[in-house]
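The data blocks that follow each hold one structure.
Common to both upcoming complexes is chain A, partnered first by chain B, then by chain C.
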Partner chain A sequence: MNVLQLIANGIMAGSILAIPAIGLTAMYSVLRFPNFAIASHATVGAFAGWVANSVYGFSVLPSLAIALLISGLVGLLTDELILKPFRSAGVITTAIGSLALTIGLENVVRLFFGNDLRGYDLPLARDIIVGGIHLGPQQLNNLAVSIVVMALVFGFLFFTRMGKAMRAVADNPRLADIKGIDSRIVARIASFMGMGLAGLGGMLIGLDSSIDPLTGFRSMLPIFAAAVVGGLGSIPGAVAGALVIGIAEELSLLALPASYKSAVAFIAIMLILTLRPQGLFGREAN
Partner chain B sequence: MEIYIISMCVVAGIYAVMALGLNVMWGMAGLVNLGLVGSAAAGAYTSAILTKTFAIPIPLGIMAGAIVAAAVGAVLSLVTRRLKEHYLAIVTLGFAETIRIVASNEIWLTNGTDGISGIAGPFRADLTPFQYNLVYLGIVLLVLLGLYVCCQRISYSPLGRVLRAVRDDDMVVSVAGKNAQSFKLKAFSIGSGIIGLAGGLYAHYTSFISPDLFVPLLTLYVKLSLLVGGVGNNRGAVVGAALIILILEGSRFVVPFIPYISPAQGAAIRELFLSATLLIVLRFRVTGLIPEPHDHPVIPRPGTATAGTSIKAF
Partner chain C sequence: MNRREFLSASAIVAGSLCAPGILRAETVIKLGVLTPLTGAGASDGPRMVKAMQAVVEEVNKAGGVIGRSIELVVEDDQTNPEAAVRAAQKLVGVDRVPVIMGTWASAVTSAVAPVCWESKTCLMTVSGADSITQLPHQGYIFRTQPNTALQATKHAEYIASVGAKKVFYVAVQTPFAATMREQIASVLTAKGSSLVGGLIYESNKTSYRSEIDSAIAAKPDFIYLNSYSPDLTVLLKDLYRAGYSGGRITQSYAYTSKVAEGIQADVTDGLITVQPSSDVGSEAYSLVQKRLSNPAADSYEAQATDWISLALLAVQKSGKVVGTDIRDAVRLISQGGGTKVYSAAEGLKLLQQGKDVNYDGASGNCDFNEKGDIMDCRFRYSAAKGGKIELIKIV
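So, the complex of A and B:
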């Protein structure tokens, strides 16, 4: 198999993976717990986008926006109503709560949509061939969407007042509090943004293949791997981690059957935790 | 119908064994494990493969399963030894998923997603199904009783006291000259081993295992059993498991009465109900039905702070 082709595929897959990984790491840096509910929110986003696209006939871009909006709102609501009360009880209680939440939400989706595989309505198009490498137009569109979204996220975090407030809370919650930043609002924005990005990522993943209620859960391990490899809490880290995981997953095809792709994510987590626990870009030791 | 009731008791017994195992890790030592279903799968597959391929006796197979699960638990614990607990949550969850992927793909070893069928059961050929279920219930109850006694012994032994100290503050343990890491390792491997043993018991009871059985939902069921019964308490683990099976199986009878839903929707409603139960229990009754006993006769429980310490146990 052509290694360059695999690397190209890996970059495409990694750039999609980067979106929910940024969401996860942003939520982690503000709320300080690994939010397993990201899996079901990816599913919720994928299905919201599917309804917009296949039922109401929106094209892909507006459907992606709807996926982001719906999963963001669901994330905001579930965090406010379900997960928020857990936070005073500690990191692990909250993490277990988020795991229960993810299975609950996944079953809400199953209740309405069943277990069938569903595909999006996409225009058929021929692959573009550059220097012997096949590139699907849909993949290229996804890559473009990911890059634009990443640029927007960076712009938000570095140039807006709210984004700066969010970074301040992530950096030092107590100091941010002294400076009069309302951490509750920052937490809400982090939940909305994180889960919105998860939903957008879920739909981007679904655009590549098809979706079912387990779409999010199957991607959870790679998403966590991307965030952990990059360093939990670091947004550039999440992007780098996602690219590493994407490329590693594709390159693993040289040696392993395709169904082992998610095991690569686990191996990456174990390796990075053994060799460099703070991740590629993490500052926080341990 | 009698067979159904007996088999539910067997399953409840197996859940209770898993809850005991989880209690050693989580209740006593405060170590989070979101992938205990991976340990159960390791135990079940090891025992099934060994007894099928090498025709070794069933008890030996189950023991081997427990040992493999304990060894895998020890490796996991070693890798995560210096990390904060939320990494342990991520790693254990990923571990269970990876075990499932391996079980689905290594067809030469595990027969892939078709699963392994025809796993030997004790005296299965000589007994009627009713007798077989009864005999197996006896075996499971004996194992449960044995493990319960062992876990009670651990709980009140110096090891158990150190584990609880590790849970409450591992810095203090280190200051007292104990190696907190090695105690965490012990707790994690003992717990994983017990859960692996439960996996083996399950495999030989149903005679069929497949990767689909070992889903994260099962981890939540066991977690819920322990939470309902009372974390840090062996009696609570057993009572909680019985109660969870009652709710799980009870919902099987209630759901068909909901009109206009398909079987898939029924299953979704049951899982939804269970995760909602877990969220509610986690939120409001963190001490469970039988709270951890306070074992000092004179020093009173530290007043209102009990709620705080029991929460810290997670």
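So, the complex of A and C:
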């Protein structure tokens, strides 16, 4: 099997995975709990994008923007109304609450759209061959979208006032509070951004395959693996983690039967937690 | 009261208690139906019940079986093993039925089967998992649905018949994925074709590009896609993108009209779909169409018709309403050298005249092997064209 082809496929898969992984890690860094509701928000985004694209006839880019906006707003609302009251009870309780939320939200999607598979209104193009490697035009588009979104997220965090405030809260919430940063607003921005990115990622996944209410849930393991491998709370880490998981899953085909692909994500989590618990880019736990 | 008086009084009381039961038993034969009326199988269960009731009405009008009329006791298995076991225990314990017909999901049938064989009750089912007839059921299970080995054989014969020489097998991880691969390989070899490779993939991934790359590297001219709907969509798209232009075949349950709606037509054009078929065109099938006033009666309605017909003929043949006797009589009326009959009413008439019968049903000829599996059945092949599914042939 062509190793370069496998690596190319892995980069494509990893770049899509990176978007929701950034969302997860951004929320973790500010709100300090692993938000499992990311799965259903990816589904919400995928369906919002589908409605925009297939029902209202928007092209892909505006549909992606709508996916981000709707899932971000749903994320903001669910966090304010459902998860926020849990937070005073501790991390574990909030994480379990988010798990319940994801199941509930997934079933709301099922209530309105049913269990059927849906595809975006998007012509499928044959692969182009570059240097003996097959590359799908749609996947290259997805890669481009991912890179632009990542650049925008980095730009937001490093060059805007609100981005800097978010990093400050993530770094030291108490110090940020003393400096007059309103942690409630930062938490809302983090929820909107995190779940918006999850929804965008959900639609990117759907563009390449098809969507149903379980779209987000199916991707939850590699998304968490990417965030953990990169170091929960580190945004460059989430990108690196997603690429590591994406490429490792594809390369595993050289040594393992295809039916063990998901084992790669588990093994990666296990190895990283054993050898470097803070993740590739995470800071030492204190 | 002396001893003599006590005994006679007791005998009268006991006799009077038993009498209504005996009288009722002499007039009505109760047979059990356990089928999904709710849950995942709810679209098929009620139609199966209707098909069985139609046969019962016809037979009751013609005078019943061994001089008694038939009553179906219908229970809902909820497509849920736990609910099904409770319902089965009620059927065998309270209603004392000698046969239960209609389990649909393999998990339900596997759960209900021990209840049946322990109580010496026959179980007639549509579930496909190979493991069901491999249970130690002592002959009490009869399955009218082809098992996966029979399906694999027929599919491979079809693939060879369209001229495919190099076939690749792609299957989702299931208990039958590996056994089907072996069966397909041996049939293809016998037919002068070959299986050039196979892979079993993990379900629910968002991309199978690398898997498809490895399949195409084997240069097949035909690919067998043993998948469920979500994965099939991804696989078909990945095959199209990779520029694969050979033949493809999959199960009809994976390529549904909903799946077709979600994929552009030129990606799926030419995809062959296959499913077990009722014996369309046979005399028994046309009787089902007429009885149900449904020209498109499907495989489940046909199989339900066959269960009740086999059970009634077996009761008539053995002369008893006992599970073990029905079990022993089924093969006497479904296969062998007797006169061919295509409905229960027709067969009952001949049996009452002391003649032997061989029931050929609406789902197939209903010949069972020693495990309780049918030995042959027909399959329906269709092709995707312009987003629609068109019938090619039924063989």
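Assorted remarks:
Following the convention adopted for this analysis, the second predicted complex is superposed on the first by the 281 of 286 C-alpha atoms of A that agree within 3 Å, B and C clash if a C-alpha of one lies under 4 Å from a C-alpha of the other, contacts with A are read in each partner's own complex, and residues count from 1 in each chain.
Here is the rule we go by: a residue touches a chain if its C-beta (ideal position, glycine included) is under 8 Å from a C-beta of that chain, and two chains touch if they have at least 3 such contacts.
Note that the structure is a prediction, hence the values are computed from the model and not measured.
When the two structures are aligned on the shared chain, A:55 is found in touch with neither chain B nor chain C. Of the two partner chains placed by superposition, only chain C is touched by A:253; chain B is not.
Chain A has more of its residues touched by B than by the other of chain B and chain C.
In the superposition on chain A, A:126 contacts chain C only, with no contact to chain B.
Of the two partner chains, chain C is the only one touched by A:210; chain B is not.
Looking at the shared chain after the overlay, A:118 reaches chain C, while chain B stays out of its contact range. Once the two complexes are laid over each other on the shared chain, residue contacts for A:262 go to chain B and to chain C alike. Applying the stated contact rule after C-alpha superposition, one finds that A:95 touches chain B and leaves chain C untouched. Residue overlap on chain A between the chain B contacts of one complex and the chain C contacts of the other covers 257, 259-260, 262.
Contact residues on chain A toward chain C in their complex (touch as defined above): 1-2, 5-6, 9, 12-13, 16, 116-119, 123-127, 134, 136, 138, 205, 208-210, 212, 214, 218-219, 250, 253, 257-262. Across the complex, chain B meets chain A through its residues 32, 34, 79-80, 82-87, 89-91, 93-95, 97-98, 101-102, 104-105, 216-217, 220, 223, 262, 264-265, 267-269, 271-272, 275-276, 278-279, 282-283, 286, 311-312, 314. Interface of chain C with chain A (complex): residues 173, 199-202, 204-207, 209-211, 213-214, 217, 229-230, 233-234, 237, 240-243, 258-259, 261-264, 267.
Residue ranges of chain A in contact with chain B, taken from their complex: 33-34, 36, 82, 85-86, 89-93, 95-97, 99-101, 103-104, 107-108, 110-111, 114-115, 217, 220-221, 224-225, 228, 232, 257, 259-260, 262-263, 265-266, 269-270, 273-274, 277, 286.
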